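The following pair of complexes shares a single chain, chain A, combined with chain B in the former and chain C in the latter.
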Partner chain A sequence: MRGERADRLYRAGVGLLAGAVPVALGAIAVFVLVDALPALRYMGLGFWTGTQWNLGNQYGGTTASQNGVVAAAGATFGILPYILGTLLTSAVALAVALPLGVGAALFLSEYAPPRLRLWLSSLVELLAGVPSVVYGLWGLAVVVPAVAGGIGPWLSAALGFIPFLRGPVGTGLGLLSAGLVLAVMVLPLIAATARDAMQQTPRALREGAVALGLTRWEAIAGVVLPTARPAIFGAAILALGRALGETMAVLMVSGGSINLLPTNLYGPVNTLAAVIASQLDAAFTDATHMALHALAGIALTLFVISLVVNGTARLIVRREGAA
Partner chain B sequence: MEAKRAWRRWASAGAATILAAAVAAPAATWAAGRPAVHRSGSSVTLLETGSTLLYPLFNLWVPAYTHTHPGVKITTAATGSGTGISEATSGAVQIGASDAYLPPAHPSTLMNIPLAISAQQVNYNVPGLNGVHLKLSGPVLAGIYTGRIKTWNAAPIRALNPGVKLPAHAIVPLRRADASGDTFIFTQYLTFSAGKAWPAGYGTSVSWPALPSLVAEPGNSGMVSGLKSIPYSVAYVGVSYLNETNAAHLGEAKLENRAGNFVLPVAATIETAAKARVGQTPPDEALSLVYAPGKDAYPIINYEYAIVSQKQASAAVAAAVRSFLTWALTVGNGERFLSQVHFQPLPPAIVKMSKAQIAKVR
Partner chain C sequence: MSTMWTSAQLEAQERPAGGDAAKMAVRGLSVFFGGQRALEAIDLELPERQVTALIGPSGCGKTTLLRSLNRMTELVPHSRHEGDVLLDGRSIYGPGVDVVDLRRRVGMVFQRPNPFPMSILDNVTFGPRRHGVRNRRLLQEIAEESLRAAALWDEVKDKLHHSGMSLSGGQQQRLCIARALAVQPEVLLMDEPTSALDPISTGKIEDLIRQLAEDYTLVLVTHSLPQAGRVADRVAFLLQGSLVEVGAAQEIFTRPRDRRTEDYLTGRLG
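Up next is the complex of A and B:
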């Protein structure tokens, strides 16, 4: 009897704890939405389609009214460049990290001798624990000069017939550098998850493949990779999520552009998360508070993009699993 | 299927991380409401944050002051003037350091109190020419930062520097990424001297022209390291970083003043500019010293402000704030501190006005 009661209590307790997660999530969503509303009213759809970001004249002492809300004179908040910057840096990161990560996982799971596997695996996991500001510093010291002096000019010369890959390469601070730094940051996530999934390929399947006379590579391509595919896909989406929200490292190597749509792979960009971080202090001096509402609007946009990315991923994985 | 569950677990953790990233930055600062004053026994801790231009001076002041005032502890941080203003406004710190005065619409309890007079240099890294003081003007800098002037050998720069062999290389202008008092006084110089040729106005964070070559750097230290690593770049840097810019062998421009002369930021030219303007200082001491008249006046100088609230958490904290700021205006304005960061002392009349403001801290 007593045990049963304790059981019920325990169940209620953990239920409550589990319930706290969706409640916190909902509270954050509502908070960000409410805080963003004035800016969305002020700008309308132009908030997402506009390219001009201007906190307005803080020192003129004058204000402007638009759609019934008040902002500093000259204020306009268009975040299209930052939406594009966020999506493009993440896309570059994924395009680089996915083949690298899956390749590394294949080696670790299928080819590496056991002792080497242990070493390399812990090294890969160690990468995940490095603070992002360190990645940023490494990006500044290594990646940016490499892009400016080597990778950029080479890509531009080799693939310059594609307009987006054509120079000028500039200082190296920009989209490609940000994407490469992000790629290294998300690499351990992809490699570790993919390796785990590959190692969990049922022994019977592997033995079956070998029994059928398949070569090692045929067994990997025919059995291991298909089994691990949903997990790899999931890892890619997680990596995308991390890349979308990364702030500090991007802030340090992206060149921090403003009012500027990305024109090529090398030029300065800015991302939603980085804009929030770099504009926050200036926004606090806005007596109309509209600049803060606009930053909340950016947070809301990032929130929605992240939710859509995760939701889509789950749908696809579920369908894959069913097929 | 085990694998699938594993990634799902990862997925929820990932989602939470993204959400945190999306909202943590603003939420954290919004939540940082009331004063973080730590008191243990009779000792008081004051928090200072803000201007990276004022930061080197605070780091000289604080050890000297706390040496003679053992009951007070002061922490300093270089975060940019925007942070100084915003955290002093929210009450998160007692002293916000700023090279910019407060906007006209600010809480009435907040004061800007000048502590010293500073200047700003325009530095560049043009290989072969860093030993030469290139002449630059407000309109030319406005042209560079709007993209109308693209290369170092463009006609407007050549016209100011006859006889100098300028390279045909593209210019890389640097700007501050954070909300900055240096951006404030630099864009004031462009606004006052270039008129319509500078469309973005002035502020701690302005809507910069859409220029693919424009690069953002965090803090004065970021500007200096940017200049070092990017050849053919140009940037505005606080004079307290003169030792660093000299050590890095960067070029320092002679800037055109209101009288049409080209001058360097040295003690004499800063004093001349200050003399021309400080007489106009209003009781709240919010005054731009940029583009002052005078044959030898350096065009970009400014008051370095402490942004302080009249209402402090307790009488003990208020007394410590008053004591430290008064010390900064007297002992702290001495040659042995200011000369190290190339600042100039406040004239006696301004010291008097600052003291009158300090007396309001309760």
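Up next is the complex of A and C:
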């Protein structure tokens, strides 16, 4: 009898703890949505399609009323450039980090001698623990000059026939630098997950491939990679989530553009997360509070993008798994 | 399927194949893992289109012997061998032997079914695709032929695009046999192919082994003496890395010449 009661109590306890997760998620969504509503009413759909971001006149005390809500005179909040900047920096990051990470994982799992594997693996995990502000500084000191003085001009010359890859390269602060810094930040996640998945390929599968007359590389490409594919895909999604939301490092190397749609791979951009951080100070001075509501609108947008990306990825993984 | 023939195979075809000719021959073979001797001076003939069963207690070296027939023992670090193994009279360890081609000619089926994480069709065509067959129609034909030969076609013909992992254990093992047959091997090595299967699946695999013996030279490692009795033409008994005796299955089971064989068969050994 006593055991049964303890069991019921225990079940209720862990149920409550597990329930905290959806409750927290729902609470965040509701609060951000409510906080964002005034800005969404003020701008309408223009909040997502507009390209102009202006907190309005903060000194005259003049206000403007629109759709029944009040904002500082001249205020307009269009976040399309930040949406594009977020998606593009993350896309560049993934495009660079995925092949690098899978390649590193292949070497670690299949080719590295055991001692080197151990040493390199711990280095990879160390990379994951570096604070993002350090990545930002490193980006400013190393990546930005490299993009401005080498990578950018070279890419522009070699692949300039693609309009988006054509110069001018400018200062180096911009999309490519942000993407590269993000790539290094998500690299350990992809490399470590892919390596673990590859090492878990059953020996029976490798032997089965070799016994069919495959060379080592063919066995890896034919059996090890397909086995690890779902895990690699999952890691890529986690990496994308991290890249979409990364704030500090991007803020430091993206060029912090405003009112400007990205026109090439090198120019300054801004991301949803970085704008929230960089505009927060100014927004607090807005007596109408509309600027804060607009930042909440950005947060809501980032939240929805993350949910959509994760949801889509899960759908794809499930379909892949069923095939 | 003529695209898959290699020059080595064509040469092999030109030689007259007598009924009792040895397809493979093991000559004074010793295998070492590190300092440990796993096999000691084995001499064994594997007649063409017959099933040779390797029996003996655990750790006697029967799996090592099987794996040395397609050089899978080489995958173990610090392994080496003395002596030789002949396929159609030629050393498989000689200089200039293409291991990839050897393993295509001497196929293998493992103890546990090991289908690749892909569709049934892709599993069967995996080998041919890797060996350069690109034509989709041809691949489809190879798949059907191999699945028929493995007695699996009727069960999977309507779900060729389902995952190979979705099949039952016995079906998975027949899929692995089909996969091995798809590269047109001449010899098929089977390492306890039914040890992970239920009795009904085991029966199907055993029927299949008898059918396959009409076209292929088979070598079967088994822990089940009744199984060896049901499917084997010849039986080789190994003990502690040495070959104790080899002969027709009937002979070995009814009139073993060596005392140790008799002890093993009657359960006093191993």
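Heads up, the rule we're going with is that the second predicted complex is superposed on the first by the 323 of 323 C-alpha atoms of A that agree within 3 Å, B and C clash if a C-alpha of one lies under 4 Å from a C-alpha of the other, contacts with A are read in each partner's own complex, and residues count from 1 in each chain.
The rule is short, and it goes like this: contacts are C-beta pairs under 8 Å (C-beta built on N, C-alpha and C of every residue); 3 or more make two chains touch, one makes a residue touch a chain.
Computed from a predicted model, the values in this text were never measured in an experiment.
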item: Fit or clash between chain C and chain B when superposed on chain A; value: fit
item: Chain B versus chain C as contact partner of A:218, first or second or both or neither; value: second
item: First (chain B), second (chain C), both or neither touched by A:299; value: first
item: Which superposed partner A:267 touches (first chain B, second chain C, both, neither); value: first
item: Winner by number of chain A residues touched, once chain B and chain C are compared; value: B
item: Which superposed partner A:113 touches (first chain B, second chain C, both, neither); value: neither
item: Partner chain in contact with A:129 - chain B first, chain C second, else both or neither; value: neither
item: First (chain B), second (chain C), both or neither touched by A:22; value: neither
item: Shortest CA-CA distance between chain B and chain C [superposed frame, angstrom]; value: 10
item: Interface residues of chain A shared between complexes with chain B and chain C; value: 227
item: Interface residues, chain C side, partner chain A - complex; value: 70, 72, 75, 100-104, 107-108, 110, 112, 114, 116-119, 126-127, 130-131, 161, 163, 176, 179-180, 183
item: In the complex with chain B, residue positions of chain A that touch it; value: 21, 25, 28, 31-32, 51-55, 57-61, 74, 76, 140, 144-145, 168, 170-171, 173, 189, 193, 196-197, 200, 227-228, 230-231, 234-235, 237-238, 241-242, 244-247, 251-252, 255-260, 263, 267-268, 272-273, 276-282, 284-285, 287-288, 292, 295-296, 299, 302-303, 306-307, 310, 313-314, 317, 321
item: Touching residues (chain side chain A, partner chain C) in the complex; value: 202, 204-205, 207-215, 218, 222-223, 226-227, 322-323
item: Contacting residues of chain B [partner chain A, same complex]; value: 1-4, 6-8, 10-11, 14-23, 25-27, 29, 79-80, 82-83, 85-86, 89-90, 102-106, 170, 172, 177-179, 201-216, 218, 229-230, 233
